[in-house]
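Presented sequentially are two complexes of subunit A, the first with subunit B as partner and the second with subunit C.
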Partner chain A sequence: MFNLFERRLAPLDSPSVVIASTLGSIVLALAIGAFLFIPFGTNPLLAYFSLFESSLGSLRGFGMTLNRAAPLILVALGTCVAWRAGFGFLGFEGCMTIGAAAAAWFALVGVSEDGQGILLPALLFWPAMLAVAFAAGGIWAGSVGVLRTRYGGNEVLISLMMNYVAIFLVQYLVSGPMRASGSLPQTDRFPTESWLATIIPGTRAHAGILIAVGAAFLVWLLISRMRVGFELVVTGLSPLAARYSGIDVGRRYLLAAVGAGGLGALAGLVEVLGTQHRLMDGLSGGLGFIGIVVALLAKLNPLLIVPVALLYAALSVGADALQRSTGVPSSIIFILQSLIVLFVMASDFIRYWRPRLPRFGAAIVQEER
Partner chain B sequence: MLPAVELRGIVKRFANVLANDHASLSVLPGEVHALLGENGAGKSTLMQVLYGSYHADGGEILLDGSPVHFANQRAAIHAGIGMIHQDFMLVRPFTVAENVVLGLDGELQLYEEKRGILDLAGASRRIEELSTHHGLQVDAGARIEHLPVGVQQRVEILKLLYRNARILILDEPTAVLTPQETAKLLETLRSLAAEGRSIIIVTHKLHEIIEVADRVTIMRDGKTVATVAKEDTTEAELARLMVGRDVLLRVRKSPLKRGATLLTTQGLKVNDDRGEEAVSGIDLSVNAGEIVGIAGVDGNGQSQLVEALAGLRPVMGGQISMEGTDITHGTPACRKACGIAYVPADRRGVGSVGTLSIEDNSVLCNLGAFTGKFGVFRDRARSRSHARDLVARFGVKAPDIRFPAGKLSGGNLQKMILGREIMQQPKLLIVEQPTRGLDVGAIEGVWAELLKVRDSGQGILLVSAELEEIRNLADRILVIFEGRFMGELRPEDADDETIGLMMAGRSGKTRTMTHV
Partner chain C sequence: MFDDFAFSAFVVTWLAAGIRLAGPLLLAALGEIYAERSGVLNVGIEGTILLGALGAYLVTYATGSPWLGVFGAVAAGVISNLFLAWMYVTVMANQVVVGVVFNIFALGLASYFYRIVLGTSGNPELIPMIGSISIPGLSDLPILGPILFSQSALFYVSIVIVLIAEFVLLRTRFGLNVRAVGENPRAAANAGISVVGIRYICVLLSGAGAGAAGGYLVLAQIGLFRDTMVVGQGFIALAIVIFGRWRPIYAALAAFAFGATDALQLSLQLFSFDVAPQLLLSLPYVFTVIAVSGLIGKTAQPAALMEPYRDR
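On to the complex of A and B.
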């Protein structure tokens, strides 16, 4: 049965083949997903149309897509920084939560006593806000880096477990020290000055996407243009060779951990200052893991992460709309998303192997004679 | 006489290379047949086809004149073919007897009535019989991990004899042996051939062929270019057939101009990965303008010594200094700053990053020199021109500098790594097994580069398991055994016997040289 496919003499790796195989995978996933609509008596084509119509077809929907994409981009960028350096970090849920808590704290204390204006002038407030959140996430994830480099701890397990620590810590904060008066475990609403500004009038699109795209550019600069980024990549590809060439491997892991944690925290900041405007329990909603999937789909390429995250966000915004309008459960869209991930990942196979058809076999023999 | 085994027009194609291009080979019963060729000439592939590991895309295999087709190794073993790989396929925590019976079918087992029950005692008896009969002393109850490499190889041979193999294939069998062990092995092979078995030795070492083989088949670029009888050929002719042009296997060295002392160690102690002492108090000094050779069988602490010198392994005792500065506990970066460059034995795992381009690899050890003004951004224009210089100056054969280093052949990769380190103009160059696995043509090039470094007044510490290399290049030879130096020799005194005894742990007639 292994004879159904044979290894290509050289893998197909031209950009057009990669794009074609990716698009082909998406179309295939949508085609298979179409069967899921049949029991609901919905026309799949119409469903798909309204799916993209609602998320990309209107300004309002597009704004929502942008908002959904921003934290995904940031988490995916964090994944890119950590994983390219060989640091198997999975703690983005935790970093988002911690970043959100730090941003909430700064938004609340950055306001003068009477709650009227911001203590710092706006020009200083935003850089300081970003720095505070980034630092909080950086320290949170950096501690995993220290455990790894100093004591040889397993960063995959530790970062995964620390997600729960972060989530319970925020539960504690919103039900204790930072709790607003009222029955719900949440903080006060932040002063409007600390909300992320709306960038497209008439929509909810906020400045989070600008932070995310800016970060994508910086991460791209780091990975492909800067010395330290090159050292990160070498460390990730071969720690032995990195050590041999004089790179301090431990410090690079630490740097990757801090960078990844900081980016994850910015995702938390974007969620809390852009959408929710107050800190409450359960804010990340799995974005910390979906972001990793986005990064993998984008093959850990910082610039590719932006369009992939937008597609992913569009699908989930569309899914919500679809559920509201037709009553089709949004879980169908989650199945679709999974199929897309699966097929895109599997599509590499045809770049390395080709179906073994009789005429191909004949061609080889002729070539050799 | 009907050949015991015949390969006719074997074609085997991999991703983008034609590994075997109508290769043919015929081996008579009772013959020792050498398969000679450079690395990448297709020797191993051809043997894997014979052994059933690969399926040929064309051609046929004949055993005793009748065509056969092996679906897998098991079928080949069943037909009486046995293969000893370069890296031994032994389970280290198992005993000799356990290793020998591993993978045996019931039908091959000696005591039919005990089928299904592992009869290790019976197997041990048969192993003892075989080993006395063939003069291969092995204790059937010993664990592999406690045995020296030479004995492990005997176990591999016994494994084949236990399966009653008529055709024995040995892939680079002498790579890890001392000269004495090699001589013993060649003697064993001759006696096995005298019993009517056919022996195929895959090798690129010419003098062994002259010593043991009846006939030689030479492979080049996947083709079998010639089969010659030993009597009708010379080492030089074999080398020419193998490389396709004349090669010079002796080097001419200019007179020694020894300069100031560069590196010294005192009582250096280093542990191996398991935490056991691998280097036990070594005193060493390397001066400018000389090549100090460390000879020894692999695994006697030379790798750990070199890694400690390069800063990759912590020093447990003693001192290392470079030009009077104590660098015992310095980082690899600190060693580089002191002017020490290192060419590791593991070219693919340590010396380079396979997926990165030649350009990226060419700046790997010297990143600071290829950044812009503030040391933050990489200066790609400079690193590109550096990589082009490197490729041109050291003759690295590659389509362009964006080509992934991991896809270079061993020889070209070594040229790139060596060139990268030489271009940093170090005061001291440490090279470990610089020509391991390289073919004659590439060895020639590497040797010439090393001598140029020496003649320009830089010091070289050369660690090699190849005696020819040490003898040809070194100005002083130190022989290492179990983490200690057994003595120091001048290259002209280092005949096979003297050096061989020292490599085996007996301090022979040692003559210490007085330093200028």
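On to the complex of A and C.
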């Protein structure tokens, strides 16, 4: 390998190369993915078509797509805030779980004893609900930020481990203190007033997508239009330069952690108030990691995250339908999605290295190794 | 509350189960120690364990020999980690990102192939497992015998591997090179060590360890394959590496501690105790958070962990 390739003097950085390598990666991933349909006797082109047909072709499918996209968008936005600031946070599974628990608690408590109507007027209830969940996730992730900035802990590993603590905590809550009577470890069903409202009649689409899109706009505002956001990005690009220019790097990490945790918690809220209407074990189902991948596909750009998440959600709704009708496992979506990201990253190789071709001419510059 | 007999029965079931559960964690952690000591944080071991389990299952299913299955597991781990090593070392991609994405890829791939091979309908077929060996004499010891000396054959192999791993890392030139590359790659390179070569070898070693861990799960614990069977074991192995302070022998002790806490909640349920098992289960993670948080002094994390090496 060391003889076949040599390092470019400067990486290829022009937009056309970046766009071409991204598109190339997607095409390559889809082409490899096409082989996966063959053992099931399905025409890959038809299969790809039907993936989108069942998720975007009908109003009902579109509603499901929106519902699946909402938590993904929120987790991806959290990834964007944290990773742009150089804070390698992986704790979104935990944040979702904690946010869901907080939302569940508030949904059950914020309602009067007889279950008739909400204690707080709706105008207050929803802001309070969002604040409670955001704060819970923010404190949860913020503690990781404190450990990093105060004591120099490794945030990647700490946040990974905290996922399990959160999951066990909620397992404990639903099998002990918050358990409803019945055989399953879960809470009571929330009063209907605390459910996220249906926004498209005739579908299951709920208001979660509105929260997610609103959050995307706010994160965009933060990162590209506000001073604090600029400081976050500078911190991520070069902590030393940031410190030299007078930015309190530790504070920015902390802010990134709290923001990421809060957004992750909102994803949990959307899941629990929009879809499940009760708190139970195993709610995040890997969304905390898939959201990270969505963010990477969108190049950590808050506005790009929305369409990418919608696309992914559409694929995954379509894959579920495809599994029901043809038996092709829906896990194909995991393969496609991760292949695209891996290929996009691997295409950096082409940007930094070029094939070593025999060159004719007088002076061949020998690079020192 | 207990008479002596019931108590010793409790202890024996508990610790024997603890050691059984510790086996895969231990193998995965040993490989990860080498990767991290050379400066690569391989988060992809979670997925590698799953692929190793799949490899072990398929090979054993096809050949009927569980020992060939172990080879299948290790091969699956090494081959998949060759790709990871290329991404980590040559492409110099962000190690955490590559690992996280690879885990999702492995999950998809494993459940896909499992579906293909076994069809959608049938119950998963059991495969022959690697039996347990009672060491003559020692296994008759009271309490210790059934805990330590009548385990799966893979367990004894793992113990030998722990000792070899410790010796190689701390007492050989190769181990010194690994540690040098993980602490200060530039200095190591100036001393004539191939940073790229060492890191490739170490990531492949972690692939072998994680693959073997998957094989252990299938061949010594469960006897079948499920795409949900690994959930979290790779991340636990990451915790064990930290808890064991990047030393194979300490990591072995940490693995047994994790296995024992896991087994404790099973045993307590078996003996109908009323403790919230989740609180017990979360203890190892809480301890790990404390261990990496820097609250109790600096941990000996390799200085160049997660930093790609550019040779010019």
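Note that in this section the second predicted complex is superposed on the first by the 319 of 369 C-alpha atoms of A that agree within 3 Å, B and C clash if a C-alpha of one lies under 4 Å from a C-alpha of the other, contacts with A are read in each partner's own complex, and residues count from 1 in each chain.
Basically, a residue touches a chain if its C-beta (ideal position, glycine included) is under 8 Å from a C-beta of that chain, and two chains touch if they have at least 3 such contacts.
A quick note: this is a predicted structure, and the numbers were derived from the prediction, not measured.
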With both complexes overlaid on chain A, does A:P121 touch subunit B (first), subunit C (second), both or neither? neither
Partner touching more residues of subunit A, subunit B vs subunit C, is chain C
_Just checking: does A:M226 make contact with subunit B only, subunit C only, both, or neither of them? Give me first, second, both or neither._
first
Inquiry  = I'd like to know which partner A:M162 touches here: subunit B for first, subunit C for second, both or neither.
reply    = second
- Once the structures are superposed on A, label A:Y244 by its partner contacts, choosing first (subunit B), second (subunit C), both or neither. first
Margin query: Contacts for A:P201 in the overlay, against subunit B (first) and subunit C (second): which applies, first, second, both or neither?
Written below: neither
(request) Would you sort A:P15 into first (subunit B), second (subunit C), both or neither based on which partner it touches? (result) neither
Report task. Could you say whether A:I333 touches subunit B, subunit C, both of them, or neither, answering first, second, both or neither? Result -> second
Shared subunit A footprint, subunit B vs subunit C, residue numbers 7, 368
Touching subunit A in the complex, subunit B uses residues 11, 13, 15-16, 18, 57-58, 310, 312, 331-333, 336, 342, 344, 346, 349-356, 360, 364-365, 367-368, 371, 375-378
Per the touch rule above, subunit A residues touching subunit B in the complex are 7-10, 225-228, 230-231, 233-234, 237-238, 240-241, 243-248, 364-365, 368
Within the complex, subunit A is touched by subunit C residues 41, 43, 87, 90-94, 96-98, 100-105, 107-109, 111-112, 115-116, 120, 227, 232, 235, 238-239, 242, 276, 278-279, 281-282, 285-286, 288-289, 292-295, 298, 301, 305-306, 311-312
Counting only contacts in the complex, subunit A reaches subunit C at residues 1, 7, 36, 39, 88, 90, 147, 151-154, 156-158, 160-165, 168-169, 171-172, 175-176, 286, 289-290, 292-293, 296, 327, 329, 331-339, 341-342, 345-346, 348-349, 352, 368-369
